[in-house]
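What follows are several structures.
What follows is a pair of complexes built around chain A, which joins chain B in one and chain C in the other.
Right, the complex of A and B next:
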């Protein structure tokens, strides 16, 4: 018989498999050759794949660049208002519905202020898709940098400064190279998060097949059109892509660092 | 010459140094004793300019450097944990200060020989044992041609067998450098070998003593009375 205290542990495997693994397995089992052929033969599938990867890479790179700046504040300007606000807002996308994020981006970078860039401002372009991905994925890069800095520690900066470096020099010459792993982790996390973004992308970037459609919105469109088999094929493709990204992230940065970054 | 004059320092509202004064002559190695948490590392970081004292002055070669950042003080610092730049080779670590126009490339060979690092110049820090990491950290600090040297338990990661040899090497290197040095250690034997003079840090104050035995005696009494006494 299972004791009271073992109950939670004993419940874990069935609950985990039912709610997390089972749906993924069902998705994979629903893959049909016809669906696969349909998706692979659809030029919109390929443009969605291309857009997804292009925009996710761009968003992840921008995210890491901004996160490196955040890291500078984390080390040297921790008492500043800017740092406190930035640190607080890093948790925001977890709670904020991504439709809200998308709407905010649409209002900010749409026609109202950016009419001079085009009829709809930046909205409904690949730039908009990238900015939507950046908005939701940057905090992960910032957290990865923060976790990396805790590990690298202040000692490196302090030694570099006694050797004549200004704070900015120490950061550029010593901290950033020492953070290589964390930066790579931040990039991969940001990329993965960007792959998965749907709501903010569709609100701000739209869902224009062949133009701003990404894999997430492609799946949505196929389901809406009643084209379930193609939707499943595209979904399995997404799933494999995600699993590869997660595996890559874990093997390159060590699962420990990642967990801390996400926490 | 290094002078620490009536230095006070608190972390937030927690006082750690409460009026520490001491002075170190060129070529003198002053060993700092003190229980864990007595503020030895804090004192070194104040002298290095990493922390700003609430009161008091740091004077190096007659010049008040209290308001200067670490990069303008020319102090050599070996922190408590081995802190080599992980992406640079041993050579890159030792000659780091060249980037800021400090140090003499011609002195590299001499330092490297004195510290027995000839075979290791092209290695990365993570390939080195604790003892070798300490050697590199000392070489890096000295290469920058500092006016003051600060060593925070530089041999605490070294196994006892290697330590015997290393302490003598360090002593020789410090003798040649001729720079006023603060040297933190818990090890009486190491202190005896490397030190010229001794200071005990207790209850936020520094007391100079004449011998290692006297330092140990004071520490024992201090522990009996409680740190605040």
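Right, the complex of A and C next:
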């Protein structure tokens, strides 16, 4: 008879592999040579891939930068109105249905208020694609930084402060280097989330093949059309892209951890 | 021991969930209708009246026609399918999924303009080639995008529109095009007449089928579903075709 606490551990493998891994494996198994040839032979697929990587990296970096700022407030200005509001509103973009997010971005950064930037404001450009990705992925970066800060602890900051650092100095010299793993984690989460975003990206970015189309919207329009083989191929490619980024980040953080242990 | 017991518990849980889902789908005595999202208003109204008159429960599921077709192909339970495009009906028929098919409604591609578009005096599709005009045409994977692109190509102005950079957005659905025009984020867009009516967008020009190709809404009674009830609801809809005419469709 297994104990109450072992049960959770015993349940993990079947649940995880059935509900999380199994669908991914089935997707990969549905990959056909024809679908692969269709996708890889399509110049729009490659421009979509390029746009995706470019914008997702930019969005993830921007997300981390904003999150680092949020972290400063989290550490030193927790009683300020700005921090309370930011903490409260952080997760809103995740809860919003993403076609609505796209509409909100289009209305906000479209030509109604940003007419002076171009005939459509910021809309229908790669900048718009990046902003759409940022909008949906920033909450993940912010939460990653927040979790990282809890780990770093206030002691480290106190030591730096007693040595005469101002809060900003202590944050930049002591906290941010210690947050390395959290920042990379936040970057990775933001990047992966950006890869999968299509609704907001289509509405605000424009989904113009060769110009503003990304992989997720490429896949979406193909699934819509019932063109499943190419869609599956492109999706598997997305998964591979995300796995490569995970491996890359893992190796980076792994190296960071090692260096710290040695030092 | 632990791992094996865990595996057993997990499998049993999955089986129970699977069986319950299967039971729910096969035991319910209702008519399941899949329909293109654009048919929502008239079909909801007719289903409500049909339920009241015949005492049958009608479950409506609205979505993009291509996506719904894919679901039916994958064996999702459905008795009757209304598609926004005839090609999906043909696809189902070829796959042996349709017991009976019928052309249902006819629609037209129309040019709609936003407030700014009206100020820029866009009164004809040829005005879309003018520099500084911004246009949204749905993605060519969506039928409405394909019709629009074909019509503009037949008029010989598609390349100019693209070359001048006037084509700004290729949204995935016709409703997104309508939203962009309605919110004045682009000057002009191409939507179905029914969608223009639904969104309250003024129609500037109606393109004939000779340019777009036939735009026909289709219906399919799905094989293996509740075929008799599906036939009955389909003929009920055909008898009350005026409900669809209110929104800009014509009987096919």
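Worth pointing out:
Everything below uses one rule, namely that the second predicted complex is superposed on the first by the 216 of 263 C-alpha atoms of A that agree within 3 Å, B and C clash if a C-alpha of one lies under 4 Å from a C-alpha of the other, contacts with A are read in each partner's own complex, and residues count from 1 in each chain.
Just so we're on the same page, a residue touches a chain if its C-beta (ideal position, glycine included) is under 8 Å from a C-beta of that chain, and two chains touch if they have at least 3 such contacts.
Keep in mind that this is a model prediction, so the values were computed, not measured.
In the superposition on chain A, contact of A:178 is made with chain B only, not with chain C.
In the superposition on chain A, A:9 makes contact with chain C only, not with chain B. By the touch criterion defined above, A:209 reaches chain C but does not reach chain B.
Greater residue coverage of chain A by touch, when chain B is weighed against chain C, goes to C.
Of the two partner chains placed around the shared chain by superposition, chain B is the only one that A:161 touches, whereas chain C remains out of contact. By the touch criterion defined above, A:251 reaches neither chain B nor chain C.
Of all residues in chain A, only 153, 155-156, 158-166, 169, 173-174, 177-178, 180 touch chain B in the complex they form.
By the touch criterion stated above, chain A contacts chain C in their complex at residues 2, 6-7, 9-15, 18, 99, 103, 106-107, 110-112, 119-120, 123-124, 198, 202-203, 206-209, 213, 217, 220-228.
Interface residues of chain C facing chain A in the complex, by the touch rule stated above, are 1-3, 5-7, 9-11, 13-14, 64, 66-67, 69-70, 73, 88, 91, 116, 132, 134, 139, 141-142, 167-173, 176, 179-180, 183-186. Touching chain A in their complex are the following residues of chain B: 45, 48-50, 69-71, 73, 75-77, 79, 81, 83, 85-87, 96-97, 99-102, 140-141, 144, 146.
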